[in-house]
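Starting off with a structure, shown below.
A, B and C label the chains in the order they appear, each numbered from 1.
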Amino acid sequence: MLIDINAYVGHWPFMQLKYNTCEALGQRMDRFGVDVSLISNLNGIFYKNTQSANKELYEEIKASKRYRDRFVPFAVINPIYAGWQYDLEECVRKFGMKGIRVYPKYHDYEINDPSLIELVKKARDMNLPVAFNYKMVDSRQRSWMDIDYVAYTPRPEWTLKNIFPIIKEVPDARYMILNVTNSMQLNEADAALFNKANVLMDTSGRTLTDMGSLLKTQGKERFAFGTHSPILDYLTGMLRIEALRENEADAATKELLRSGNAKKFLGL
Amino acid sequence: MKDVMKYRKIDAYGNAYADDKLAAGQIAYADRLGIERLILSVPVAKQMGKTPVEFKAYNDLVILAVKRYPHRLAGQLTLHPAYLKESLEEIKRCTGEGMTGMKLYNQFKINDPVVYPVIEQFIHYKMIIHVHGESQLGVGGYRMKYDVDNTPAISVPEDFMDIAKRYPEAMFQYAHIGGGGDWEYACKSFRGYPNIYVDTGGSNNDENMVDFAVENLGEDRVFFGCDSSFYQGVGKVLASGLTEIQKRKIFFDNYNNILKRSGCGLG
Amino acid sequence: MNIDRRKFVSRSFAGAAGILAGSHLKGLSAPGRLTAKQEEALSSKPEKYDLMREVMKYRKIDAHAHIYFADNSPREQLDFGERLGIEKQVISRYLSIMPGTPEQFREYNDLTIKAIKKYPDHLLGGFVLNPAYKKESLEEIKRCTDAGMIGPGELYYQVKINDPLYYPIIEKLIELKMIIFSHAECQLGVGGYRMKYNGYKEPNTSIPEDFVDIARRYPEGIFQYAHIGGGGDWEYMCKTLQHSPNVYVDTSGSNNAENMIDFAVELLGEDRLFFASDNSYHQSIGKILASNLTEAQKKKVFFDNYNNLLKKGGRNVD
């Protein structure tokens, strides 16, 4: 079984995306043997009022039983925008959403903003995972209208160090760290805390080259298949798992990466 | 135009001007668009009464205007909460002259303790407190890293929430969701606050704004208002997806119900 | 064969797409509804997809890879080659150092020579140079060619590819029927492109317009524009290079944007793309297999296009 823990529908305002509807993503899943995808609506990154995006996603999934069977929706929440507490309740109770995605850079708040801390604590209490990502697109191809965290400049892209403070602040929440595309280095004390935290990372990130070693250092239960589709190609995240040799990941470990870890983490 | 004329209308946010010509101009627009009554106040937001002499003069202008067009205009008084004694006297004088509410500007935030005694008066009079509100990055304490160097005491949605919770029996009108600010933010803020109303005034007539307001606040807490932008004022309500009954409420009934509480309702 | 009709239909959303033809084009609002029966039939599991079998199906030449001054190099590169069925890798040690003196480029090329001598079955060598040192660069071309290299490796940012300093080098490479391969970027604030943004890069980094310029000056030259997946704006690159038929692009780089390969083939044609990794091996293969290219087109990109150009100089691998 394959579960993709990092996929989207919706639009990227600076570039046309393919396969960005439930229907088209579903065809992708069928072509490449993926059973279930965790999805959220990209539009929520750009709408000030993210709830409009969550509603769009809810409406789209509601339209077909196939969608309801195959997609697990995540809510996009901006904790510095009015009414998010109500939105979160609505997303969970009415829309059946199973987790939260946050975008501190796009939504313009710091990783230690009290509102984010409040949101993550609330998520913890509601038993919902909170997903962060390193970035959405490579900053070197960014549009002039996109955020200006740019690789190799004085305001670089994020690394794990930029995300870690929230984990330190609320160590008992459940975290997803997606599109791991830069350094995972932390100082020794932080690394120890990070290793203890309940974290699931996906396999879509461009800097995940030596998966075999990562499974050793991070543990085989901390990664799961993810595509970052439709921004990244549908297969590379899968290839990082399937290309592992027996001595790097045995059949049981591969199953964990394909779906076992996701199922356990999400309680599916 | 048939659709325009179909609805009785009270403009919950009118502007009176010192110049009678301008007032006449407002009436002309109201005639053109079938607006029965304009709720007036003076001054416009950028100027504010700094002294009792000033705010009394402003109120005199409103009184004069209403006297000229008694069947078309109703007045709201203004005051300066720091001059409590004079303000309380002015409330008495103006309501005695038939005024139906208060328009507060930005001398203080609406939730500043200085304003409490004034609010308490209006609870007593069962009249609405109309307050200039804004929802813009860098204004009134909201995300001040984007400071646009505006008056610091402008009330933002959070200030309304705060005061509405303190005085659940008072009625507050957040001015002009079409005034250029982030109306999604404002409407979402007020969802759980039944004593905050919004008017749809302002020069912005975003598609879906009125629907969004009704969706979030319900059909009873939204007033038709123009803030002198008459075409937008009427257009945005007519273009909405509201039912005819809801449009009637927005255009007329909701505000009239507020007026009725103080015995000033229209027949 | 006993095909369960229901299971057969159940394979795909694509089956459903027939019924819902074009429904997703109507935007995000609810697509058309299916009957309960259709829904039932369509909502079970997808067929298994054997990714590694697909990976191993294609012969591959990696037109852009690197080795390093590191203990695990080129062992690590060879390991990925074996793991992913990459027959040959064209390696170089790019000159990521300023000013890039003859002494430096010779040292870099020595590393490559050592590697190709040790692993002749898997590695093809590319040399680097700095055209600011004309005489030494021309000598280095001879030295490296004699040592068995197939052409330039990834030429770097010391001098723009269309700088007159490059002319004698390019003329020599044309004479040798070699592929003229250079690093390139396409980012706001780099190499002269919209410099009000500061990308903090070397000023002589080549950009797509520089390739258009030099390719027009030398229509008989064969140019390889490095890594459309290198992080830059690949839509801009492909659109700029569209009408320069003697500029080829390699698909390498750590970026594996969905639709990048399809877009490149649409604009440049199926003959002007080379499969390459720039050492991002998973992405390099994933992006091509995930594309909508036909099997024949994938074969071209993975192997034939590059090999056909090597043939011109008699350096083809089969």
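A few points about this structure:
The criterion applied here is as follows: a contact is a pair of C-beta atoms (placed from the backbone, for glycine too) under 8 Å apart; a residue touches a chain by one contact, two chains touch by 3 or more.
The structure presented is a predicted model; accordingly, all values stated were derived computationally and were not measured.
Taking each chain's centre as the mean of its C-alpha atoms, the one that lies farthest from the centre of chain C is B.
Of all chains shown, A has the CA centroid lying nearest to the centroid of every protein CA atom. Centre-to-centre separation between chain A and chain B, using Cα means, comes to 44 Å. In whole angstrom, the spacing between the mean C-alpha positions of chain A and chain C is 28. Put simply, the C-alpha centre of chain B and that of chain C have 63 angstrom between them.
Chain A meets chain C in the complex at residues 9-10, 15, 17-19, 21-24, 26-27, 29-35, 41, 43, 56, 59-60, 62-66, 69-70, 137-142, 144, 150-154, 181, 206-209, 229-240, 242-243, 245. Listed in rising order, the residues of chain C touching chain A in the complex are 11-14, 16-17, 20, 23-24, 28-31, 33-34, 36, 39-40, 42-43, 45-49, 51-52, 55, 83-84, 185-188, 194, 197-201, 230-235, 254-262, 279-283, 285-287, 289-291. Within the complex formed with chain A, the residues of chain B that make contact are 143, 157, 182, 184-186, 188-189, 191-192, 216. Across the complex, chain B is touched by residues 48-49, 51, 80-83, 86-87, 108 of chain A.
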